[in-house]
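Two complexes are shown next, each including subunit A; its partner changes from subunit B in the first to subunit C in the second.
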Partner chain A sequence: MAAPEVHHLFHAPISDHSFSDDRSTLAVARDNNVELYHRSGKTFNLQDELRGHDKLVTGVDIAPQSGRIVTCSQDRNAYVWEPSESGEWKPTLVLLRINRAATCVRWCPGETKFAVGSGARIIAVCYFEQENDWWVSKHLKKPLRSTVTSVAWHPNSVLLAAGSTDGHARVFSSFIKGTDERPEASPWGERLPFNTVCGEYLNPTAGWVHDVAFAPSGNALAFCSHDSNVTIVYPSGPEQPPQAVISISTQQLPFTSLLWSSETELICAGYDCSVYRLMGDANGWQITGSLEKDNGRPGLEQREESALNMFRSMDLRGRASSADDTKLKTVHQNSINTARIYQESGGNVQKVSTGGVDGRVVVWTL
Partner chain B sequence: MSGESRLYTFSQETKDKLRKFRLSTSRAKDPQAVIYLIDKTTMEIKQTDTEVYKSMTELSDELPDNSPRYVLLSYPLTMASGRLSVPYVMINYLPPTCSQEMRMLYAGAKELLRNQSEVSRIIEIDSADDLEEIEERLKGEE
Partner chain C sequence: MSNINWRTINIDALDPESAYNFDLTTLTPAVQPVSTSDVQTLSGQIRQLVRGGDAEGALRGALENAPYGADDQGKQIHLSTVTEVLGQIRQTEMTPLLQRMYQSEGGSELCDTLMKYLYKGMAQGTSHTTNNSVHGRSMTPQATGFSQAGGRSFGAAEGGGQAMSVFLSWHEKLVEMVGPGSIVRVMSDRRTV
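Up next, the complex of A and B:
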């Protein structure tokens, strides 16, 4: 396992981060702005700053093909940033028509729409209307009963999974006539008008759902919640009970973010400050280990414990050991907020990037 | 007021059509409606298509989801008192998802169209479903 690539960008929390398609640009949400870093060699250097939001930016996503960036913030707005030839980014305000903060935003795989989750118990699905030259937002309301914490798209760009603080993970259809083509029949459903609920899953203890993700084929849904459970749902058909709902409870602190690295493997990261692997299939799942190297932080040395040093440290520090325990043994020094796919080929993910409250973005090799 | 008349134009044909429509509907037995829009490039107010809508459901299907429109509606009513009345009203259809630009455009031309078409009053609606209750609203306000 190669050593993880650590980029300590600044000393402030990163609520969301996203890489461009060629991985040379990194967009990071910092306070009220989004900073764009450009890779030069092994490091990332600050290249641009996208200013426009009045409050904390809670979500950033870069569309792989078109390079557009969508950002959402606690100021109830979302902006779509278009790159121009001169290198300037032109923001377009999208009126979400919500009256609470926006919490997360993701482009759909086709890049014609994006979904914004909010504290207003609404998901705003936004698409560009050509005739009016304007981004229009349609609301998914029923049956959401609390803040939406995360959204994830199915590969067909029509089905949308949402995790919420009411303990449920739901799958909606966000079919927009004129923008989407009719999706093929899937185990989630066939004729799917806007705002149909294709599935609603409650985790055993009704803890807040932090993140949801569809499997690469779209035929399974995983979500992690605040009671340290990870639940994976395999649907069987529309209007029928699912083929399997597997819930594993881990001994770790809750996970805040998860993604599928293949059809049978999940990568989760959270308040434990490190990244874990889970493997399994429709018959059962188990946690297989962490991506951290055994000796913890690279560069942690062992100091010789002589009697002189012991008494010296008792004098200086008030405790016998002189081991440096002001730093965590994990690479991230604070909880991880987002985990994103960094490199994948042939349906398998090889590298994953994580961003955390400590201001670090780390690229892990699986 | 003169600023608006310089910006928005009515073709002579449209003015004639408006006059003809107003005169013909007072004697009709069923509801009659025409949809008007503002052409963004020429700033001309004109009818969307040559059709006269007789049913509210057909009309609500024709109204676009994200753009404002004007509808001139004549609706024969039998009042509670037994009196027969055919109010001729203008409906200002403004969905919440339309852009600020469109709102300003249609707001500016509202009074101009009211004067040109000589309607008795303007009703504001923000979704096509509101058309179903138009009869109650017309009755209530008479």
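Up next, the complex of A and C:
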């Protein structure tokens, strides 16, 4: 397993990050702006800045094919950024019509829509209206009872999963006439008018949900919540109780982000500052370990213990050990906010990237 | 209308969309209401087990049947039952017992419930021990105003601190096994003990 690739961009929290499809551009949400980094050799250099929001940017997502960037912020706005002919990025305001902060944003796989979660107990499903040349939104309201913390798209671009602080993970239909084609029937449902609730799941302790994700096939849903549980739901059919709901209580601090690397493997990261791998299927899941190297600290050279070092350290710091115990043993030096797919082929994810409060973006090889 | 002080009107109550007009209990896991007498019967059975020498069975029974739906009094009774059982188990037996419990079916949940009782027990300070004389003593008003802190140190001299040291040693052994995840679960769980 190759060592993780660490990019320490700055000393500020990264609330969200996104790589372009060719992985040469990295968009990072930093305070009120989004910074665009370009890869040159082994490092990323600051290339451009998307200024426009006047409060903390909470979500950023680059559409893989079109290259459009969508951002959302606590200032209750979302912008779609497109490169103009002169090479500058031009924002288009999206009419979200929410009266609380926007918390998360994701393009649907078809890239015709995106969903914005908000603190107003609303998910705004946004699409482009040709006749007005304008991004407009339709609201998913019921039965959300609290802030939406995360949204995730089904591969068919119609079903949308959302996690909320009311402790529920829900699956909605976000079908929009004129934009979407009628989706094929799936275990989640057959007829799917807008705001159909296809599933509503509560974890055993009702801890709030941090992140949700659909399996690559779309036939399973995973969510992680603040009670350190990861729950995986396998639906059986429309209007029927799910075939299996598996909840794993972990020994770690809660996960804030998760993704499916294949149909039988989940990658989770969160307050433990480390990335974990979970494996299983409809019969059961278990945590199989961390992606960190077992011994030592990757990326940091281990200093050899010698008598000289010991006495020097006692003299300088009043401690016998030269180990700097302000450093965590993990690659990330603070909690991880988002984990995203970095590279995949044939439905299997080979690399994932994580961004954290420590201002690092790390690319992990699975 | 003119003599209504409009500043005191609760505007949330007038907004049908507001969370104020929404019963939040529908969002939490459903718990079965348990009457106080049921809790008492259960605690009698558990004490029976302890007297019979089966402390492990007693602890399991107490944790499996935690009365989430009971009122404050019922919960208090169950807490003192659990505290009593915990006090009966020797230091050296704690770790093997916890291991057996954790590895059994649904063990993780049992450990979480135990963690809830440990925290609840520690939060009680010494105001709730089986010894009634300590109860009276620790409730005396403190001149300093730090009644909780004062109460604790007073109790420590009387034997209430003994319960605390029992909780602490259980807590140490339990965290060693189930990690900080269990503590986070206790904090986020809406089913309180």
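In this text, the second predicted complex is superposed on the first by the 343 of 366 C-alpha atoms of A that agree within 3 Å, B and C clash if a C-alpha of one lies under 4 Å from a C-alpha of the other, contacts with A are read in each partner's own complex, and residues count from 1 in each chain.
The criterion applied here is as follows: a contact is a pair of C-beta atoms (placed from the backbone, for glycine too) under 8 Å apart; a residue touches a chain by one contact, two chains touch by 3 or more.
In this text, all values refer to a predicted model and were calculated from it rather than measured experimentally.
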Fit-or-clash call for subunit B and subunit C when the two complexes are aligned on subunit A: fit
Partner chain in contact with A:129 - subunit B first, subunit C second, else both or neither: first
Touching partner for A:137 - first (subunit B), second (subunit C), both, neither: first
Greater residue coverage of subunit A in the superposed arrangement, subunit B or subunit C: C
Subunit B versus subunit C as contact partner of A:208, first or second or both or neither: second
Touched partner set for A:97, first subunit B, second subunit C, both or neither: first
Which of subunit B and subunit C A:251 touches, first, second, both or neither: second
Which of subunit B and subunit C A:21 touches, first, second, both or neither: neither
Distance in angstrom between the closest Cα atoms of subunit C and subunit B, superposition on A: 18
Footprint overlap on subunit A, where subunit B in one structure and subunit C in the other make contact: none
Subunit B partner contacts - residues on subunit A that touch it in the complex: 97, 129, 131-134, 136-138
Partner subunit A, residues of subunit B touching it in the complex: 65-67, 96-99, 101-102
Subunit A-facing residues of subunit C, complex: 19, 22, 24, 27-29, 108-109, 112, 178-182, 184-185, 188-191
Residues on subunit A engaged by subunit C in the complex (per definition of touch): 145-146, 166-168, 202, 204-208, 225-229, 249-254
